[in-house]
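Each in structure tokens, the structures are laid out below.
Both of the next two complexes hold chain A, though its partner changes from chain B to chain C.
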Partner chain A sequence: NTSMCWEINVKDYVCTHDIEGCAGCWGSFQEMPASTFAQARAAEINAMLKAVTQKSSNSLVFQTLPRHMRRRAMSHNIKRLPRRLREIARKEAEKAVHQKKEHSKNKCRKARRRHVNLVVEFNRRQKKNIWLETHIWHAKRFHMVKKWGYCLGDRPTTKSYRACYRAMTKHCLLQDLSYYCCLELNGKEEELLKVLARMCSIDTGPTFAAVPCLSGRLQGSLVLYRADRYPEDVLGPITFIWKPKDGSGIPYETRQLWIWTHPSLKQDILTELKAVFQCSEPVETCSPEPIVTLLQEEKQTDVAMSVSKKRKREDHEGEKAVPVKKIIGDGTRVPLQSYCWTSQTTGVVISDLTMEILRYRLIGPLSHCVLTEALKTASVQTEMADAETELNNWWVENCKNSEKVSLHQRQEAIFELLQGISSPSEIAAGTILGLTVGDPRVNLPKKRSKAMPNPEKYQDNEKVRQLLLEGVPVECAHSFIWDQTICKNVTENKIPEQDLNHMRGELLVPGSQLDLGPRESKIPILLVQQPGKVAGEDRPGWGSGWDIYLPKGWGMAFWIPFVYRGARVGGLQEGLKHSEYKRTPHVPNDFPDCPAGIQFAKELENILLEKFKRRPPAKRANYVKLGTLAPFLCPWGQLTKDWEVRNKTQEESVVTSSADSKSCATESQVPCDLKPGLMIEDSQGDMMEEMTKIQNLCKEDGAATSSGFFVLRSRKLLKQLSAWCRPTCGKGQRARPASKLGQKEMTEDALLPIFKCYPQVLVWVSLSLLRKGSPELHAMICIPTQEDYLQLNKDQLFCGPQEPKHSDIFKHKILKLKERKKNNRKALESGASDALEAKAVEEPKELILGLWPDPLPDVTSHCSRILLGFVTQGDFSLAAGCGEALGFVNLTGLLHMLSSQPADKKGLVLLRTPASLQYRFARLNIEV
Partner chain B sequence: MVRFKHRYLLCEIVSEDPRCRQCIDERAVGAAAKEAVARTHGDYGLACCSISFTVKYLNAYTGIVLLRCRKDFYRLLWSALPFITYLENRNQRYSCFFNTLHVGGTIRTCQKFLVQYNRKQLLLLLHNCTSEEERQSIQKSLLSCCLKEVEEEQSQSGDEEDDCAETD
Partner chain C sequence: MAEPAPPAEELALRRRLPPRLPRRPGDVYVNMQTDFRAQLSRCRKLLGPGGGCAEIWIHGLGLAIHRAINIALQLQAAGAGALRLAPSTSTVELADGLEPPGHPDGRPPLARARNNSAIHIRVCRAPPTP
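Up next is the complex of A and B:
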């Protein structure tokens, strides 16, 4: 309040005046001296002046003007204000709040939207984050996020959660996965296999050397580890494609291998590959491409400059020459830096093909209908369209070879046959089909329509049946996309959209099919079948589809035809949901043991914490009271450590109290019938051998083992666990004798080596809720007690037990701290700043009400039910029709739980979301 | 929304006795004014004037008082002010009278008037001063209030020189 303000000023003056001793003179002097009078007046004048000049209201200056003095556009044009107010208005305008983002307003809109300027602007904007070729299309329709150095579409702006799910299950969902990174390895097959074998393990499934993959017939997928570090130090999951052999049976042939990774994992994998292959120096000879493109760009720039000089750009001549060529590929690359590394010893060349090859994913049963309708195989061409241009010269060369023409015709035939297959899941997982197709823009439909299969046409077709039985033959996997020179040629000789439209306009019958004849581009592509749901029993093959690999530059030319054939486009969120319904771990969310996963978890914690702090304190969930120790970050390390400690103490107790086994059986959860003299069965022999091997391995680097946890990926052990998790004799469940599955009984002898070898291991599990409830991120997976089973037996509608409310032991502390802080502030005001500094040193981290401060107590036994693990993805599953969750549990804890559970209740766990006290029953599955 | 309209009476308390200034405080001034209104206009007048009646500003050194009253009834208060003959505080009475300088619609106009009025007074004082010493002290105080103005303006213009460098 202004009036208060100036009053205070005057009073201050009075105070100071009193101290000076003028008060004394009032009593003694009868008459007031003129000087005192004058001083008082002067002081008052000062106070009043200050009050008058201050702006009283919090409105803007022009708003205080009377109505008849207001002018249009006063708010941003100061010169329309009366002169006396301009100063104040200028200051107001300078405030950050009123500052709008400065556009390139030096040009008018028309100039800004001119093609040349638009390209310059786009090129500038994709210097920092890589744009996909479909960026503009996505940016108009999607919420964009900046992730992993890319601008990616997160989710559509329209409401389409369920529509995208329907597209995945019934039609076709299209995703742009061009942000996935391709690393190319070139070298002798033996060398490559020898070194790569160190980075993966046969335990986790087929490796690089798997025969169908090595021949180039199938795409393989595996999890990479740091060299010789299995089972720790995960680098991340990858998919790989070997270039098929040329047919000439030379044993020491150089092979080409593509490793496709997620961008968040790329740097780790690339450095590790370089280290393993001893590829240190970047080689100029093998990467002439960047330099050439640079030269070309410069040339193009010159041309563009000379053209644009005709326009009024003379004034810009001094400016740095900007490339007006549209950036194709990675815009963030440093032109002179090489992205190719070679090894002196082995001759292996590693090159980073990020953004060189585009990759789209089509998910859903109709995806090959979309493909077959949108793409037409290239016609055989024997003469050049133009002698001068390089357009299609590679294809003409190729067509001169009759063998290659016949191969092309076989590929074409198989591609046609795809229409007769009802779902991509019927073909072998990872089938590769190479193809050369014509320009897909030519046969674009006039309207967006839905591609439908035509099963009648191919019914009882012998060829279709043969394709389903035998799969695509090896030689059909051949594609020219492997050849970089051809790819470059194809990219450079693309007919621009403008020319194509011009030609369309010149057609005699408007709207008729455009026939480019020999000038039509031929594009080499690669089709890779993407297996859907492989593990588990329900919905086999759900979410299968095709991945299409294209040379760069052709992104939009293929994108629009797919969309016009009824493919719905999804973003990152849809990808996440896809993997959730497939029950596969998503990169990088579900790899808590690899560096990218740790980084992701940290970022997620920050985001969630910020979101939590944004709520008013009274509206926040008090996680201390709810008994949730870590609502934002799963403490995997501590969980595994706690379980290890727990296991040890229990073992000790078992050993000490083995005499009175009765009491032991009731109190501890470990089966305690220890029979040390039992003979190892034959079926267990190999298992034990493996165990001892791993045990030795673990001993070698014991320190590392004790420090970190890792995720169990050994298929053998996972299969064993999965068998143990199933209820053995339940209602409506077939009794599964263990011997039938070739599994052994869960006995002490089987468990002990596992405990020893894998003290700190997490297992990927899927959970489905028995009754209602929808699990959330970071929900806790807990072990039910005996009473819970009893109650569930008694009452089938029993939802689950409740967690008793915890007391917030930190609330008092926080209040105290607050008070102290208040006092400190007061002290600071009075000048004692040193005290505060001392206090600040004393309390390093601020306590937040409702969150447990950093050193967590024993996470397993904090609540009434013992904690087993956490959920990393959870939602109501539209596919299953109930709440489903995916997460990790501790192996030790899981085995303890399974051994103590009754036979018909095997694999039952309790789930509790972080912000709730209600536990809910869920069935735990391990799908291998 | 329509605001309540007020009138502000800017008055000067004139007293022979310099000790009178000691007893100038909000309560005394308010009580004296109300008492005068009650005497001249009765209970009705008092009630009318009491609505939102406050002493907004008061300076014991210069004897300036700012009284607030509703616009409808300020005439009652105004006409009652001449009937104040003394101020009473802590059982001491000092005779004085109120001299109304200005009647304004906002505090701001009153402040502006007060600045003008005080300047005039100071100039008058300078004109009528008798000794050299007095003259100097008055000149000093005159300059202090005028110089400050100039200084402030200068400092403000200094602040405004912001760098407009843009970051892309």
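Up next is the complex of A and C:
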């Protein structure tokens, strides 16, 4: 009633044109008591006032002012605001000050950018995450990420995806791999080999004891396992280099071995090595040096602080202020901790050389040109530059020995020969060449240029031929980089950039070549050839290149010359693409059975899940409806388990009706005719023996095998599988009789032992799509049905079948839960304690719309096509020109699929990305 | 302590890339992976008005020899007498890497030499014949 009258009252004042319509109310208005009316108005006015004084929006006070009342610099000077708003503005300004970082605003920019202060700041920032020596260079040009305790360049900020690919295939791509960790083992050769043999297996390829690697000619690579645990408990892939023998011919010589690992694997490998070699006692020799530097640093930071406080430093104090030393090497090391361990019983010494040796990788055919143009071998020097400094004293010492000089000249000659070889893949894989080079900064070109091959150097001479066929001789693999004292000397006696520029400035003819003469530093380096694509048929040698190992401190001195010779720089993403196009597993993404790989997968899942949850539910893929059980994390364990169960039930059914096996046998007889009968029996006999052996092995630790899955790395079996995966007949396939490789047929007898021995095993496969489609991360690899083959036969353009839409059985539950939650909240507000209890009782696992909750059903048979495995890397491949994927499939599933496939369709699978219902045909390959 | 040498059949032969000279703009290395028509049209473009090559060299090695010849002949046929071919043959020495390389005695051979035939066809515009 009152409100009605209020309305009329307003009308009385505001609008006069409608009075006659309201005339009937006048009577009631006059009857109303004044007090109630005033009370009601007072409440309304209060509310209005409150609304005026309290601003509801998020904006600052001066932003709420109308435009004509705004003034310049209002946000800084509150006196420019109208007086009534000043109080509020003052409060806001105070709040803003508190929120801001207390950052070094106390210093002006000029002071902050002063060299001393910069170095202090940089050193402080390096304490948490290790910086590579090229960090500043990268930080200006790359998106940086913090990974594995390092700050690393992820990808260039410029658009260069395709340019980097082109650099890899045609030019030269440069990568800083200094974050890789080096572990050094020192001890008697016999002792080392005996223990290391327990950590790897000859089944997976050449081991530490392979002759060319052991002599120090070649770099080896293998996968490490926990001691005596092969084929389970993987530690991770490594590369290793033996220091070549001195040639003295002593049988029980101490040898030096470098094991290079990825930083995510380092801790596991190091602890295992220490345990296996029983190295527990820290060696004292390593510790004193870092302490000294740290103390110095602290002192110097103090000095720097005091200097920076006074804007204008007095002269005598300025002289005292020695420039702060830049951190070279690992800045995160704890000074008192030792990084060197020895064992009492065997005398083996393990030392952690992380960040002591730098490593750059050059990929691409022009890496020879870049290397040979950027580096000049050191000149022979017999006299010291200065008697006082230690500069080059090791080199002078070395040059007095004529034998060593001749060795250096031979190394130089081989290095020169590289110019006449157009691609690194023409040289033996893993070739090592030691070298001593001069300062690369001296002959830096003025402008960035591109190193191009020089046709004059291409002479069809005997020497190149010899190099290609026989490789680099053992002696030439020798380098002084193995000697830590020399490395330290070289690092400490580096001429600073500033001095070098100063000397350049003092040249008589500006821009002419600087000649340092005897003062030029000599740097020992190691060049190691990286084989590109070795497995598979197509693109042999793609992505091959050289790794260059340098003593620390010389990072930028070598980096800039390489960049100036036309090398394009890539980051982690480019490294990933490189391994994807090479079809090699990438560390740690593609090692699901090693601890670092598991950790990586978990982190990736969290990232993807967070990203998924950030979108509103209606705008994200409903993976339940798409039939994708695990879009973010590959459930390898469950996949293998489900296949094991499946296999068992199938075996039982096979026993009852052997029709299936018959058809299998008839299929396999087709190519069987090609080979002589004797051969089969022989090879099969061999294989059977082998199998029984393996079976026995499996029985010994049968309990362990059932616990978890692992990845198959036995060369022999992989070769066998690879042969089985190829279509045996069909268009465009040249007859490739299996007998040539001594392979045996895929029969029941051959398969059964494999099923028994490897119940939970994954196999690394590569897939290339037949037609359209580019696979993504975690795409599903499935087995096609008979109808799919028929359709493909009928219609050459058939893309692939569709997965029928699944129903979201959880949607209802989630809605219910939501409702209940709402009710609970209401109950809570009303203050009922029993509601609280009820809530505590029922709180099921958090359900997310669109994701399958944790206990997954049988993953293999969830969709219309049976699941075989998952993709871990997948993209459109610029190298192959079609979608390509790499991933793992279950061995049992793979064999089941192959045995039931028609001969011309062998190795054909279906791929489906997590967010799609469309299956696409792909060819599965196992490359050994 | 050296590991025993694996039996001969287990040594995997890794074929390395054949040695090649630095590529001039007019050098075409014929392979068996790329589509024949694509390679032919590439040669045509090089010889054509915008290609900027007065002469091109078509190199074929081993299995690709007949394809190189085929391309050259097709070019000539399409050129209606304006092109002249000058083939030459050679032998290319190839190296096959052995893996796992290892022999218990003496220096292990890292590579095995193998010879293969190659053809190099020079295709150039013929001078106007009288």
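We take it that the second predicted complex is superposed on the first by the 759 of 928 C-alpha atoms of A that agree within 3 Å, B and C clash if a C-alpha of one lies under 4 Å from a C-alpha of the other, contacts with A are read in each partner's own complex, and residues count from 1 in each chain.
Basically, a residue touches a chain if its C-beta (ideal position, glycine included) is under 8 Å from a C-beta of that chain, and two chains touch if they have at least 3 such contacts.
Quick caveat: nothing in here was measured; it's all calculated off a predicted structure.
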(request) Could you tell me if A:S423 is touching chain B, chain C, both of them or neither one (first, second, both, neither)? (result) second
(request) Go through the superposed model and pick first if A:G541 touches only chain B, second if only chain C, both, or neither. (result) second
(message) Looking at A:P237, would you say it contacts chain B, chain C, both, or neither? Reply first, second, both or neither.
(response) neither
(message) Quick one: is A:P263 in contact with chain B, with chain C, with both, or with neither? Answer first, second, both or neither.
(response) neither
(request) Scan A:A40 for contacts with chain B and chain C and give back first, second, both or neither. (result) first
(message) According to the stated criteria, A:P206 is in contact with first (chain B), second (chain C), both, or neither; which is it?
(response) second
(request) Figure out whether A:E190 sits in contact with chain B (first) or chain C (second), or with both, or with neither. (result) second
(request) Take the contacts of chain A with chain B and those with chain C, and give the residues found in both. (result) none
(request) Spell out the part of chain C that touches chain A in their complex, as residue ranges. (result) 1-3, 9, 12, 14-17, 19-22, 33, 93, 95, 97, 99-104, 107-111, 113
(request) Write out the stretch or stretches of chain A touching chain C in their complex. (result) 189-190, 193-194, 202, 205-207, 209-212, 214, 218, 421-423, 425-429, 452-455, 458, 464-465, 468-471, 534, 538, 540-541, 741-742, 928
(message) Can you tell me which positions in chain B touch chain A when the two form their complex?
(response) 18-19, 21-22, 56-57, 59-62, 64, 107-108, 111-112, 114-115, 118-119, 121-122, 125, 129, 134, 137-138, 141-142, 144-145, 148-149, 156, 160, 162, 166
(request) Could you please specify the touching residues of chain A with respect to chain B in the complex? (result) 2-3, 6-7, 10, 14, 17, 26-27, 29-46, 48-49, 51-52, 56, 87, 90-91, 94, 102
